[in-house]
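Just below is one structure, and these are the notes that go with it.
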Amino acid sequence: MRRRVNFYECDPARIVHFSNFYRYMEEAEHAFWRAAGLTLTAVHHLGFPRVSATFDFHAPLHYDDAFEVTLRIAAMGRTSIRYACVITRGDTTIATGAMTMVCVEVGPPMRAVPVPDELRDRVEVAAPPA
Amino acid sequence: MRRRVNFYECDPARIVHFSNFYRYMEEAEHAFWRAAGLTLTAVHHLGFPRVSATFDFHAPLHYDDAFEVTLRIAAMGRTSIRYACVITRGDTTIATGAMTMVCVEVGPPMRAVPVPDELRDRVEVAAPPA
Amino acid sequence: MRRRVNFYECDPARIVHFSNFYRYMEEAEHAFWRAAGLTLTAVHHLGFPRVSATFDFHAPLHYDDAFEVTLRIAAMGRTSIRYACVITRGDTTIATGAMTMVCVEVGPPMRAVPVPDELRDRVEVAAPPA
Amino acid sequence: MRRRVNFYECDPARIVHFSNFYRYMEEAEHAFWRAAGLTLTAVHHLGFPRVSATFDFHAPLHYDDAFEVTLRIAAMGRTSIRYACVITRGDTTIATGAMTMVCVEVGPPMRAVPVPDELRDRVEVAAPPA
């Protein structure tokens, strides 16, 4: 996914507020599944809450910067999927992150269920970048 | 409602991003109904989408400023409620706004329905401030 | 400007939270000036705070909807610029809005100054749509 | 820090969007320093960008839930501070997180500098909860 930093995503330090990187990772996730032919919110009766999300920040992003979010599936468990994410601006690595989501029947209560074949069959676990 | 400006609500101009004022108005709205003994999201089968929202901005709010949001019901229609809102910091008027919401049966499609007595009986239309 | 609704922009009513429409209007504003060859934040020593912003909401936007934001300059004052904005999804009008910004020397205190020729010379006041 | 979940912080799954937990952690951080007599943005010429932030999510937070954010200093380095964070609702652990910030002279370019005594002298590294 490629896009530009919006003004409202920047904070008084004149850089992207770190909380927005998690939103960028999610945007890339939805674009990822859309590219695989699937709308995550349309998977019948299932939800995909996050069980963890992390980022290391290496360099700041500023207003109007064009940047790229690269997402791959790092691991596929029985009920969960782990993504790895790299955010870059040209040759500069801005941030590296990861996020794990779990498939649940939306409750209450939420109950973990196996990743449906509808998802599993469309994607592959990717090797980490060299 | 009283609270402080959060860092992440400010933009590179070092003032609260104007979009957040609409969120402050909504926070005050929910606090308003909570004070009247009601949780808006718990009104059975009804939703309250906005049909209009407006603000005039008179002075900026900065990080860590303590401010106050005053909300009153400006008009009560058959299917809609109009709020008037003033945001102040001490004696300084920061912004004045208004918002109209309509009661709907959540659809799809959404369909406007009369404001339920559950809401109507708890509040009064207030005179504008002198 | 065209783009899709992000998941994190939607609320529990499963529609775009109304506060985000003001952010869409700002995204379109920055895209507008970028198309005119200008980065708003790079205009030396000037800031452009909003003095008013308003929207009427006609129909909801949902997750993953593709939508379009059309912005035109409705009026150019000595120190201020007024935009008019229409948000559409295909043939459906979603929202119509307006926003006025003022040119200021960033303070404190902020002081209104004439719209610089750098902006004035690049754009035209547009007639309203038929 | 104690507060309630705002409606606009929840997503179509009717739970707090995970990105907002990082904002809650930051709110607690600023409240923490304010309680220690310090406004982070007023430390002369210094900024405090994040170098990492992480959360594990154990249970969802819903609209209107009252919750508590507990922050402690997990480590104090020469140029950085690491926080540990627990978010709870009553007896339920909602999320556990951590965040590392670094002291920089705001640039460009940013340059890491020692944590000033102004910060160091006001706080203590806390033992983890039993």
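In order of appearance the chains are A, B, C and D, and numbering begins at 1 in each one.
As a working rule, contacts are C-beta pairs under 8 Å (C-beta built on N, C-alpha and C of every residue); 3 or more make two chains touch, one makes a residue touch a chain.
All values reported here derive from a predicted model rather than from experimental measurement.
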item: Centroid comparison with subunit D (C-alpha atoms), farthest chain; value: C
item: Interface with more contacting C-beta pairs, comparing A-C to A-B; value: A-C
item: Distance from subunit B to subunit A - Cα centre to Cα centre, in angstrom; value: 32
item: Gap in Å, rounded to a whole number, between the CA centres of subunit D and subunit A; value: 22
item: Distance between chain centroids, defined by C-alpha means - subunit A, subunit C (Å); value: 28
item: Multi-chain contact sites of subunit B, meaning residues that touch two or more partners; value: 7-8, 12, 19, 23, 26, 41, 63
item: Of all residues in subunit C, those that touch subunit A in their complex; value: 6-8, 23, 26-27, 30, 34, 39-41, 63-64
item: Sites on subunit B touched by subunit C in the complex; value: 12-13, 15, 18-20, 22-23, 26, 41, 47, 49-57, 60, 106, 110
item: Residue ranges of subunit C touching subunit D (in the complex, touch as defined); value: 7-8, 10-12, 14, 17, 19, 63
